[in-house]
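The following pair of complexes shares a single chain, chain A, combined with chain B in the former and chain C in the latter.
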Partner chain A sequence: MTPPTAASLEAPRRSSLIPPSQHRWADVIHRLEAGGSMLPDTPENLMQIIGIYKAYAVPMDFYWRDLLYIAERVFLNPLPAFKYLISQEYLDLPNSYAGDQSKLRIWRGGEKAHPELLEFMAKGEAGSMPKLLHHLWHDRINMEFAEACMQAMLWHQGMGGRFYDYLETPAYRANADRAIKAYFRGNPVMLGLYKLFPEMFMEQVKQMSYYANLGLFWEVMAPVFFEMSDIYDAGGFQGVPDAMNFLVNGIFAVAGRPIYHHVYVGDECIEIIPKSEGFTWLYEAALPYVEAVFYRTAPFRGTKSYNAQAGQVPADQADFHYGILYADVFPVGSAGIPPTLLMQDMLHFLPPYLQELYKQHRRGEEDQLVQLGIAFQRSMYNVTSAVIQALRTALFYPLDDTDPEHLIANRRFFEAQMDRFLRPEARLGDIQTQDYR
Partner chain B sequence: MPPLALLLVLALPLAGALLIQLLPSERPVPIRTASAASSAVQLLLALACWRQPPADVQLSWLPKLGLQLHLGLDGLTLPLLLLTALLTGLACLAVPADLQRPRLFHALILATNLGVVGAFLARNALLFVLAFELVLIPTTLLIAIWGGPRRAAAAVRFLIYSAVSGLALLAAVLAFGWLNQAGFGFEFELLAQASLSPSAQRWILALLLLAFGLKLPVVPLHGWQPLAYGQAPTPVVMLLGGVVSKLGAYGLLRFGVGFLPDVWSEWSAWIAAAGAASAVYGALNAVDQDDIRRLMAYSSLGHMGLLVLALAAATPLSLQGAVAQMLAHGMIVALLFACVGLIERRTGTTRIAELSGLLNPLRGLPFTLGMLLLALMAAAGIPGLAGFPAELLVFEGSWTSFPRATLISLIASGFTAVYAIRLFNRVGFGRLDNRRADWIATTWPERLPALALTLLVVVSGIWPTALTDWSGTETAALALRSQPFLLARGPALSPLASAPAPITISTAPPVAPEVLPA
Partner chain C sequence: MATIIEAAKSAGCFNTLLTAVEVAGLTAALESPGPFTVFAPVDDAFAALPPGTVQTLVDNLPQLARILKFHVLAGAHRREELITRPEWDSLEGAPVAIRRAEPFEVKNASVLQADIECDNGIVHVLNRVILPG
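Up next is the complex of A and B:
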């Protein structure tokens, strides 16, 4: 994928063909209509989001590899104690969008695990010691975050696409049955349990399919973020809309990437979800991911105790609002909040310019975990803007369309998207100012 | 130690206040250092007096009026002297570096110290009154000049209540001297052997209860306290709660239990009832407060109720508990307000509704909140902290005399845990508002006063004799004056009663070496 050209990034000015929006987030809507992002276009915002993309991409390079390792190799291991201790084969697994072998090269770097990731895995914060001690000391990449994202996708289920529906089909069940029987071949205890509780095993296989789904999704995103970081380092992005448009272009470039689930039992490969089913990256992974993880996820313990009986948790899953776009990023560090774990992971890979920035504000190094969490929130508003613009491109009209009816249709689409940020918990208002750190 | 040591203890704050005026710079830090240093030297001198007790100082001042500069040290006054010197030093260190007019502020703090130390060391009732009254002026000025938004109202109310307290005390002392059929004079030895008619004793005790009840305070004489504690600057409220209020407790112990034992015994049931009422009223009001400072004020009121209960019971154990409670409460309340001061300095408020999530490890005040939690636990009487041995002695010592009042106070004391948990749950937990949480972390110099008090509260809890062993002999002797039947009862009540000591208030050289902990 090539960096977007200046011509393609030129944001059209807000059309005077339709009256201004009266929405509460009218300013943001007008910015989106002008080809911008929900995040204001400032040099510092650009620096923050690109820096955090890079810091996110390094652990993500581990997440996608381990997610695929679990989905394809660990599979239904009843005691998966070592599922985070990834095999060398998966660490060396070539990324489909990086390296010389890739058909669609997004990142100019190599296809194997990122060097910074390998360096961290070898030493961690505590220095050289056996892998197991790094693991037990939590001096590692926190896969728990990736699993929480996967579980959000599994739990929220029907968010467009055909993926979840397919998991209920006889074809999927037959493939899953074949995989279960192959995996537990020669294990009468597990096969007996499968006989007794088939649905329990089937549910586990569905979860494994979501492991594969998310792993394949992030396999794309990691090189996208690496490339954005490299472009920025080379002085390639001029503003936040540039970064957003790069993501939009990337989304369309890889939209058709197949989503599948293969399981390897010995040398045998069992295709639980074959590529031939035609599930694609954009509709079966990217959009459900944004919906489930950025917007919804689930109430987490810790910073705020949610009480379902007191009505603090919505009865309707569609009203869930616990994603990063609404999140209170203040961690308490004791309750295992998934974003806290991601923030801890990103902390290890911050580029120097972000470290310098954080030192200049609030409590400097002491609270850079919070500052990077808020930068992550900004960056995810930018990713969500890219998704909104991509959907508008796919479903509605160009921004420079001259037909007022088309512009009104675009306006309604943007306003409907912004309605989701009318909740008091939404951080859209916060990210409009640089003081929110 | 030569008798000069006591004069030096008294003169040190005066010298410190003068030294501050002579400092060439108006910068707060050197001034703060100088005033803290004078308190530190006073503390060291007091510790030296503990190891080698000095003889009394007796200088004639206005003999016609019966006023003498008679200073002495015994097991009752030494721990209070140490507490005063310690808390004065820590209060000086708790003064913000950006304080306006620091020269005057520190001079007034040291003047307060002078008054309190003078009252504790006085062996002449008129001298005690003078020192007692001296405290009123600097504390009122400190509230009026450096207090919160309602400082004027707080200062006026404090002034009025304190003035009434001072007048009542003066009247009581004068009546004591004038109506004493054994002879005119205000020396403690004379007053201890005073011969007064029963009605005169009752009137004098009523005046003393009014004077010291206002100072402590107890219900219903507490009107000044929530406002003054709410508006006074942190170092001042540390002194008010930690030291100045102890003047009231000390006065009741010295004058009420010590000089008027018969009428004290006669009225003790009512006094115990007032103590229990204070404990209940303070605890229930603390639960209802929406401001941390006011919550602390009512908490302090409740704990003063326990102190009054112990004094009313006047058993050897309860009086020992009263002294321990004075020390423990002094440290705990100072620690509470030191923590609240840090919170207020950073967040700009003490309103509970405006605070939450302060335990946040990255943007909150977790260290301060940790110390606050410990102080609240100590106030609630959790074993292992200073509050526990003191309250245990109070309850155990009072139970034999006033079981109902003790039981009520015990239940009221349990409410400490309620408001402590409520406060901590609201202020410590919950969501920290990022729009407000733009303050920097507290620094070690800022934390120092609270940290020192935290250590003392823990050490006193682990080593409770540091609270209880200062005044065993004196309190046992006072108990016997108040309840002579204890002599006949023998060791059933307390091991202390099995070895009754002579009354230590005498013209002989002080007996401190035998009664103070080694």
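Up next is the complex of A and C:
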């Protein structure tokens, strides 16, 4: 283990034009002002987060494909028992940001499903057997995690962007109506139910639109993480800030990517949310995703009981704090709950250097789900840092600005972001040290 | 006097903006009587965006149009009028904040030149592309 150096924990402030911050997270704020990440710049942190990005990207390559498959093809199937058994067409669906055909190539690799994913889907942990047995044995990619993220976005809503507002418009309802009628054409039972309970069907279509939203969001993140892993393997990142800046540039590069929802009934394509609505990856997908999934989510069933009447759950949804940035990874590591499902998925694709690292610490292989969960937490603090730096770039001022008023505006922005980590559940303090595992 | 488009063309430092307006199909709108207030980022402002940013927008015209409309207000507003209110609704829908009067700043951009009078509105030249949020 490489202990963090004093220099990496407390980066010198580039500018003495404004007085030091008095915030509880002043050290972190000064580091952000110096172009750093919330995660200290140590070689081990870099190794941990890149290894996790790689392990995350492989299941994510399944998540985005299956999310789009469900949104576009499975759609309102009343008994969607096979929704996780993705079609070959969607496994081959060319990623818009990988492969030779991509207009903006982020990952140097191919456009189809990742080879490690295909290998795992064929064999799982239990060896070769029919797909359906893998599915029932739960020896597969846990799509339930992706659906939990989708539901967090659907449930929280109102997190900026115009996506949810659009779902209430007459234009959306008319498009959804067309899609419902086309999908259940020749099915008098379902069409009859639609007549009786139209709002129930509308709600289901809205949920499908969030499947599409998250699928299109992750279609970008999977090649971003694959490329970061390849850069690291080639010795390309010098430190955590390099990894963060790669993400910042990526956020800008794809910010204008359209977010839409198309449904296919046979060969017919029905545009429930057309690209022409102008919805963008940054505003309608990425920022709501970070807010809903990294910060808010909801208490998971089966880990801890909360008494809402006693005020143990915030009255205001904006104060929810059950996301990865606040998670206590140990009790969360219980069977069946979404974060554990993700950890289990990532475990299958850990690069050898992380497997080695986990063996050396704590209980070795016995608690590697917890160790990789904490590494995931570190890596998501770095992604959140990238989002914060991207927003600072987009809405505020360069870090080397010389106007004190601009520097104070940047400072206020950083401090406001750090206010969210003042509550005791926040893990920002834990990730400052290397022995939090 | 010239229209907003003509004025921008003759200035010579708005090539990216003019191309973007053209491909987004907004040229005709900006040649209409308006009037409009246009916050016009110079070429260097677009060049300062991370690589790929502009290309993704040019490949997706409704999304490009949305960002461009954020740079336009309905009505002709000179600096003196703009600084009387903290924010103004853009044609994109999101508000544009006027952060400072002296020196004149619109959101996080500095106004390099204010109050360029045109037939169909007023142009303020920005050193940065402004984004909603």
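By our rule, the second predicted complex is superposed on the first by the 419 of 437 C-alpha atoms of A that agree within 3 Å, B and C clash if a C-alpha of one lies under 4 Å from a C-alpha of the other, contacts with A are read in each partner's own complex, and residues count from 1 in each chain.
What we mean here is this: a contact is a pair of C-beta atoms (placed from the backbone, for glycine too) under 8 Å apart; a residue touches a chain by one contact, two chains touch by 3 or more.
Here the structure is a predicted model, which is why all the values come from computation and not from measurement.
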Overlay on chain A: chain C relative to chain B, clash or fit = fit
Is A:276 contacted by the first partner chain B, the second partner chain C, both or neither?
-> second
Once the shared chain is lined up, is A:363 touching chain B (first), chain C (second), both, or neither of them?
-> first
Now for A:249: first (chain B), second (chain C), both, or neither, which partner does it touch?
-> second
For A:379, decide between first (touching chain B), second (touching chain C), both and neither.
-> neither
After superposition on the shared chain, which partner residues are touched by A:417: those of chain B (first), chain C (second), both, or neither?
-> neither
Partner chain(s) touched by A:160 [first = chain B, second = chain C, both, neither] | second
Angle at chain A, chain B to chain C, CA centres, as a multiple of 10°?
-> 150
Counting touched residues of chain A, say whether chain B or chain C comes out ahead.
-> C
Lowest inter-chain C-alpha distance for chain C and chain B in the superposed arrangement, angstrom | 38
Note which residues of chain A are touching chain B in the complex, please.
-> 303-304, 328, 330-333, 362-363, 366-367, 369-370, 374, 430, 436
Which positions of chain A touch chain C when the two form their complex?
-> 103-104, 160, 162, 248-249, 252-258, 275-280, 283, 287, 391, 394-397, 405-406, 409
Footprint of chain A on chain B - complex, ascending = 357, 359-363, 430-432, 434, 437-438, 440-441
Partner chain A, residues of chain C touching it in the complex = 49-53, 55-57, 59-60, 62-67, 93, 99-100, 107-108, 131-133
